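Some structures are shown below for you to check.
Across the two complexes that follow, subunit A remains constant while its partner is subunit B and subsequently subunit C.
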Partner chain A sequence: MSFPSGCWSQTSGLRLRPVPEFKRCCVYVPLQARLYWLDLNAWLILELCDGSREDMIVLRYVHAVCPPMLPRHARSECRLTMAKLAELGMIMPHNDTCSGDQRHV
Partner chain B sequence: MLRELKLLSEPSLKSPLKVTLCLTARCNLDCRHCYADCNRVDAPPELCASEWQAFIDEAMHAGVISFFIEGGEPLLRPDCFELLRLMCPRALTRVRTNGTLVTAALAHELKAVGVGGVYVDFMGARPQTHDALAGVEGTHQLAREAVAHLLAVGLPVTPLIVLNRANADEMSDFLTMARALGVKEVGILRLYPIGRARRRWRELALSLDEQMQVIRSLRPPPGLRYMHSWHPQNGNCCWQMAAVDPYGTSIGCAYLRELVNYGNVREVPFLETWEHPLYRTLRQGKVAETCPTCAAGEGTDGGCRATAFTFHRRWDAPDPFDEPLNAGVDLRELPQWMLESDQRATPAAGT
Partner chain C sequence: MSENTSKAIVESLIAVHGPQARVRIEPVSVEVRTGERFIISDPLRGFRGQPPQYVIQERLASREVYIGGIVVEWGFDIKLDHEDAFHRWLLDNELDLYNARPDDGVRYAGTYAVHAASERNAGNYRTVWAFNSFANFDDFGAAMGEKYPTREPITAFGELVREFFSFWDRDSEAHRSQQTLVLAVSSQATRRF
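Let's look at the complex of A and B:
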């Protein structure tokens, strides 16, 4: 799933419970009544989905993890993880005015 | 990950992730092994709706993201759905019930309110066994109907059964029955010496050999998982547990209800009870002996602390329900001190 010019936000009612002791985040998805555990990578990407455009989210992720990760790998990793988060009902695309793009990368 | 954290001198979790709410000690059954000594009448002073609401708010604020609701029979409380409506939008909320009150309409309500799963207690695979242990005729059929109603609305359902002398030869039939009902998972639980089970221990308890023979003999039908907590899956889950009884006592785990008292949430904030010295000790997972196989699977050492303490009266003792740690303990015989009336430590003496 790729939606470069669209914006991505966390789904309504999502509750994040950081567990820094385990370097993980527990996420409750009320629409499915399910809990998921995210590793640091997926947690970061979920946090970046703040209404920004997909290309901005990917750019911020690349800035956060490169180096040591190679930019090419980081872009791929970010898009794959976003697709997985969308599949699990944690983020959703929308075509409204993007809200998070004014942030510094 | 857990094993690395366990080496620290601090408990693994700084604040609770999940909590069991023992909503009530009222029940419409008379189970011979009832852990909560339930009865039909309102027990003296259970937390009222506003007190539970305040507790739930505090727990949410502390970071709790999963609630497990049990009783007694929680659906007997008229404010049960009021509380579920508070929990379900913000935390995974699962309910344990005897199933007798779960009609098709109530199953729809549970689904609509956002419950994440339901655990239904069975006492046996055969109606006569179940009804005799539950003390009320016809309740096996009601539990079966409950499972069907819950599955029909799309709720995940896990039938549970406590293995004991009266139903030991029905475990295989229980798996078959559960699969025929359409569930994908069941739980086979050990008998804990709490409440009426403690007082009827000799009547109900099996030796460890007898228990292991049953567990090892089970061959679940295709498509059915069964969970149990015997070797090699005997975890020490104290590191993550939190529970409050119907009267507001913070007890860490429902199986510790007669053994610990970390303070009452009517009198002190829940997080203050979380920092009780004994609670902190148990959450650190320090034990004298461990079973490497179980530790590898569960990531924690020593097995269940409730049964370890019951048989050895030491919080760091090995759990005798774990074969490699049993060391000759006859599980059919409770220590004398457990047969006395009140085992619970006071908050001050709890350490």
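Let's look at the complex of A and C:
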């Protein structure tokens, strides 16, 4: 489900409740009326979906987790996780002007 | 941007702890336990048909029969490779933890490593607290309070308990449990809601 030139944002109405003590974030997805636990990796990827292009999101993720993670592994993990987050209704692609790409990596 | 945003929190956690070995996204299983009971009123209050309260109070005071009227057991794991440091801390501080109790009716009754257990997810250690009364149970909670907004402990006891907590493994995969036990011969313990 790669969408490298498209932009990704969190879906409307998503509710995030960080639980730093457990290194997790609880996310409420209103479309499904369901709650999910996200670990640090998935939580960061969700946060990086701030209207930025997919390739920028992947780049920022690689920057945050490498090292110790290998860049090749981090890129693959980021894309797979974005696909999962999209499947669960937490993020969605759009073709509007990307809003999060002006910031430094 | 505020440092308390969800993004700032996760970035700082990853900077400190590193990324997880693999991504986990799990549905939250919501469990409604209709049989759950909470201590919201004194469970040691007597009612018709139970032994006289003075018998229970004498036994509690003498500690010859019971370790407490209310017993709380914390189950937990210790951070990886911190077991030796935790044991050293216990050796150095257990007596202080006992002596710093906020009231004579509050008792630190030891920390134990689990040698064998039928429950796999309750943690590798147990700490037992004993309380003579419901009021002591309240004292215990109050003594662990913290100042606002500095979050400093308000008592020496609270400071020791905070140090004790610092060894606990807070990772999402670590095991934890808590049990609150009330004397079987006391009144409310056998009442069902």
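In this section, the second predicted complex is superposed on the first by the 105 of 105 C-alpha atoms of A that agree within 3 Å, B and C clash if a C-alpha of one lies under 4 Å from a C-alpha of the other, contacts with A are read in each partner's own complex, and residues count from 1 in each chain.
The working rule: a residue touches a chain if its C-beta (ideal position, glycine included) is under 8 Å from a C-beta of that chain, and two chains touch if they have at least 3 such contacts.
Since the structure is predicted, the reported quantities are computational estimates derived from the model, not experimental observations.
Overlay on subunit A: subunit B and subunit C clash in the combined arrangement.
Residue contacts after overlaying the shared chain place A:13 against subunit B, while subunit C stays out of touching range.
In the superposition on chain A, the chain among subunit B and subunit C reaching more residues of subunit A is C. In the superposed pair of complexes, A:83 makes contact with neither subunit B nor subunit C. By the touch criterion defined above, A:35 lies against subunit B and subunit C together after alignment on the C-alpha atoms of chain A.
In the superposition on chain A, A:21 makes contact with both subunit B and subunit C. Within the superposed three-chain model, A:43 lies in touch with subunit C and out of touch with subunit B [touch as defined at top].
Once chain A of one complex is fitted onto chain A of the other, the partner contacts of A:68 are limited to subunit C, with no touch recorded for subunit B. Once chain A of one complex is fitted onto chain A of the other, the partner contacts of A:92 are absent, as it touches neither subunit B nor subunit C.
After the shared chain A is superposed, the part of subunit B among 145-153, 217-225 or 253-261 that runs into subunit C is 253-261, by C-alpha clashes.
Shared contact residues of subunit A, touching subunit B in one structure and subunit C in the other: 21-23, 26, 34-35. By the touch criterion stated above, subunit A contacts subunit B in their complex at residues 13, 15, 17, 19, 21-23, 26, 28, 30, 33-35. Across the interface of their complex, subunit A is touched by residues 6-7, 9-11, 13-14, 17-20, 22-28, 30, 170-172 of subunit C. On subunit A, the positions that touch subunit C within their shared complex are 16, 18, 20-26, 34-45, 47, 50, 64-65, 68-69, 77, 80-81, 84-85, 88. Subunit B meets subunit A in the complex at residues 1, 5, 12-14, 17, 63, 65-66, 88-93, 114-117.
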